[in-house]
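What follows is a pair of complexes built around chain A, which joins chain B in one and chain C in the other.
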Partner chain A sequence: MAGFRLIELAKPFLPLLPEVEVPYEKIGFDDKVVYTIIAALIYLFGQFPLAGVSKEASGVLDPLYFLRSVFAAEPKTLLEFGVFPVVSSALIMQVLAGLKLIKVNFKIRQDRELFQTCTKLFALLQYLVLANVFIFSGYYGTDLSVVQITALNVQLVVAGFFVTLLVEVIDKGYGFASGAMAITTVTISTNFVADVFGVGQFPVDNEGHTEPQGAFINLIQSLRASHKTWTGAIVGAFNRDYLPNLTTAFLVLALAASICFLTNFRLELPIRSTRTRGVNNVYPIRLFYVGSLSVLFAYVILFYIHVGAFVLVQLIAHNNPSSIIYKVVGGYASHNNLLYVPQFPLSLLTPPKSFVECITRQPLTPLFFTTFLVITGIWFAGLWQQISGSSARDISEQFKEQGITLTGRREQGVTKELDKIVPVAATTGAIVLGLLVACGELLGLKGKGASIIVGVSGGFALLELITAEYQQSGGQSALAQVLGAPSGGI
Partner chain B sequence: MAKSNNQIEKLAEAPVEFVKDGTAFIQKCKKPSNRDFLQIVRAVGIGFVAVGIIGYAIKLVHIPIRYLIV
Partner chain C sequence: MSTPTPPGGQRTLQKRRQAQSVKEKQQKQTPASTRQAGFGGSSNSVLKLYTDEANGLRVDPLVVLFLAVGFIFSVVALHVVAKVTGKLF
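Moving on to the complex of A and B:
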């Protein structure tokens, strides 16, 4: 026996956990589109409010508001934690396997299965732990009865389990790309539409006035409202901080556009065939070599830090300013009775609520937050490009199989040459993304900046996969015909 | 002494080298032309908003459901 292996722990659960079967035959283009979209829509539909939450407002508010939209989490619904446990367990298990802290031989089928089950178990465990942290912190109300606690636990964990299966359906080849990415992308785009065009009305003052959620709709409605002047309406539409405003909408759009621009940065390496003469082509190495995963990883770490702090401050110290933990870690101050805003020193890793607040109240945050994002991003990108099956050596092996080589290089030199380029591309991309996220967040987007970056790059990756698959299937698609395509795409 | 100085220098040079490599890489990159960029923005934008609207329609269904069960 070659030492103890962590994945063996999953063995007894292997027959217990349901698993999505890999499709028997190849799934057609149309089916894949439908599977992907429906899975994401089922997820959206699952945002039911939790039963068993006590009616009286509790003093404990949402401490993770700025992390939620990245993980498609909706507060006080079944999807309280969104896809966070799924994403984090997948990323962390892969990283641990890449660092050889978990011994897995991916060439053996049984090892792969065990690894998968282990990842799923880890995700479920996180749902359970997070649910109980939130329940016992008093987030769902103080003095919950045993029945309520059990009900909340069951709801959160079962919903979480359902999400893992939903993600697995897409992952296993029924849909495009990775499940978590498809789901977050759709949720983020939904939230964006809701923030700009949402028509749901919310009460804003005691006189019974309401304002719509969407920033643009709000502008129009305020212009027509009789209790507001024109200037007041316009200023309000750009400035309100209780609901989405137009300033945020424009900032988010600017970020989205810059991501679209930067995603297309690529280094084109000239390649030629070793079998036929005169066949030349280019092989692109993109700037965002690991995509938005570096941002996701940084946010996973942030999530852990903040949940850890929440446990310490709320569960152990009860957010009591005189306790020692409060003084060391920082506590929470409530804002508008909606959010729990972390205080110094925890605020160093919390994006500010607005730019002005950033300058006046947390002047050190820009430095810390940016450094944190950039450094975790670099570390992760450097590691990920090695372990994700697209490292320099993997590419040169692909080249060898397909009989191509870099122009002006012998076949043996290809790995060396790629080794000079790929890690640089991955880490540079991570830095650029980190800086962009920091920029958006420090301007006070409260997580919308990071989420739009993850969303747009996810959407871009999906679009790329879909067009590639569409071209491969030779345009044989009933969906495209219905929609009146060929939709040239990109 | 000279050796350790050398090492410190090397340590200080690492980030500089790193940034240099990075900027060189970005400069060598092929950037999308204006036309490409507009096309990409249109494709991604239409997809994003279309999916968003479908999603929002589903969220709207939730409003009466919330009334019923809460």
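Moving on to the complex of A and C:
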């Protein structure tokens, strides 16, 4: 056999999997806005509790709490796994294809189709596997009936299927740029607002007192509450660890601000036209060349490690401290009856719950976790800038087509010059992002730090494309006229 | 100073052969991603997954959106039914 190819596996499924049609004509700016917002809204509606979860609290708690917000996942809802299977399958398949471990010839149309179908199948398969891992671990309750298991399976997998399709609707050109990134950005920002200004009340003690979800609302409510002193209220607002507090809100804001600041760092290469004399411009190469993707990739790997550990410890060893697996991998300790906190050695790859705990109980975690983030980031950024079609060679080819060259270089020398800059920018950006994520997470943000970084830098990547689009076709936009924005393209 | 080598001869042939082989090598090198091949897809900082039209079951985007809403409502209905009858699960 001349060689078996993995993507051939998708062939039998090709006619079965639904495909969103590619738009016949170009979708207008307003329509894109509407499609993107509606798709994201439907995704947000998916944060609906699962039916069929048993009422009694089971001993198995959420082991992935610190990874969820990055992938816009909500525990015990239809979006139990969020966009993780979609993002991970895309990243992993693309990396494998880039390393030539999967043989795909992207020049052939049929290969591209098969590759895409394969990616989609892999995503659906992950939804199915993850759903069953969680069901049989007892996460939704022990002793589930067959009806419950089927119902949970159907809900989780069909929800995953619709998430894939929603992402596809945006990706196919009905919405802006990337579905997965638009959806995560919207969810992350929604969650942040809910964490600061959310008014939903939660019972906090046995006397029937409730506290709101939002940290800021909580401060005001506590100041007015009769059962608390002023100092107690303020300290509580900054300190509570069962619901979002003001300290995390400020830390997240600080991280978001620093990302906003760092996104603007770029190297501006002077370019000139080879056809006309005296036409000069600059070509920016930004520090975050691969954007948030390096962080996303590191979190995909983390997710796999933790799900693998969950399978070993919970499914096989039943979180029993005397089993060998528990001793080798590390088990889970429950916290507040809400979270499953991994123990040593698994805790090395788990961000601590608070900074104090990090110093006193997990002194090795900062070192290990940071190194992990930085190294995966470097590796991924180095590879991704090469394979994603924006490498030095690809850029210089674009230059040649458009009749541009770097000032002071011949056309042949452009690749060499860019090769000195692009990989360095990509890896340095990945290191900076990795360090920032580590900083946030080690201070005890429980995934909120990583998610705000992914959200803000992903948002900037999208914003860039959206503004470019607006300048091209925003002139006819009724939305822009209603909002009184200056018409683009002037 | 030695005289420059006259044009033509063995060397030119060799150079031509070399250029030819380099060209062939570049053509053989397959691109690593859809964007590198020039057909859209994920770029350096944006993850764009499903951009090619495959010969599958074609569906309209509006149908997808409506079905997704319908699915969520069916889960709502499942909750209601389970609550009312009290014995579904």
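Keep in mind that, in the parts below, the second predicted complex is superposed on the first by the 484 of 490 C-alpha atoms of A that agree within 3 Å, B and C clash if a C-alpha of one lies under 4 Å from a C-alpha of the other, contacts with A are read in each partner's own complex, and residues count from 1 in each chain.
Note that contacts are C-beta pairs under 8 Å (C-beta built on N, C-alpha and C of every residue); 3 or more make two chains touch, one makes a residue touch a chain.
Computed from a predicted structure; not experimentally measured.
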With both complexes overlaid on chain A, does A:425 touch chain B (first), chain C (second), both or neither?
first
A:52 contacts which: chain B (first), chain C (second), both, neither?
second
So, does A:233 touch the first partner chain B, the second partner chain C, both, or neither?
neither
Quick one: classify A:70 as touching chain B (first), chain C (second), both or neither.
neither
Classify the contacts of A:386 with the two partner chains as first (chain B alone), second (chain C alone), both, or neither.
second
If you tally the residues of chain A touched by each partner, is the higher count for chain B or for chain C?
C
One more residue to check, A:453. First (chain B), second (chain C), both or neither?
neither
Considering only touches as defined above, state whether A:189 meets chain B (first), chain C (second), both or neither.
first
If you stack the two complexes on chain A, which partner ends up touching A:349: first (chain B), second (chain C), both, or neither?
neither
Chain A positions within both the chain B interface and the chain C interface are 45, 48-49, 51, 462
Chain C - residues contacting chain A, complex
30-39, 41-61, 64-65, 67-69, 71-72, 75-76, 78-79, 82, 88-89
Per the contact definition, I'd like the list of chain B residues that touch chain A in the complex.
18, 21-22, 25-26, 28-32, 36-37, 39-41, 43-44, 47-49, 51-56, 58-63, 65-66, 69-70
Per the contact definition, I'd like the list of chain A residues that touch chain B in the complex.
37, 40-41, 44-45, 47-49, 51, 185-187, 189-194, 197-200, 256-257, 260-261, 263-268, 287, 421, 424-425, 427-428, 431-432, 455-456, 459-460, 462-463, 489-490
With touch defined as at the start, can you tell me which chain A residues reach chain C in the complex?
14-22, 35, 38-39, 42, 45-46, 48-52, 54, 78, 86-87, 90-91, 94, 97-98, 100, 104-107, 109, 112-117, 119-120, 145, 147-148, 151, 155, 158-159, 162, 165-169, 171-174, 177-181, 288-293, 296, 384-391, 394, 426, 457, 461-462, 465
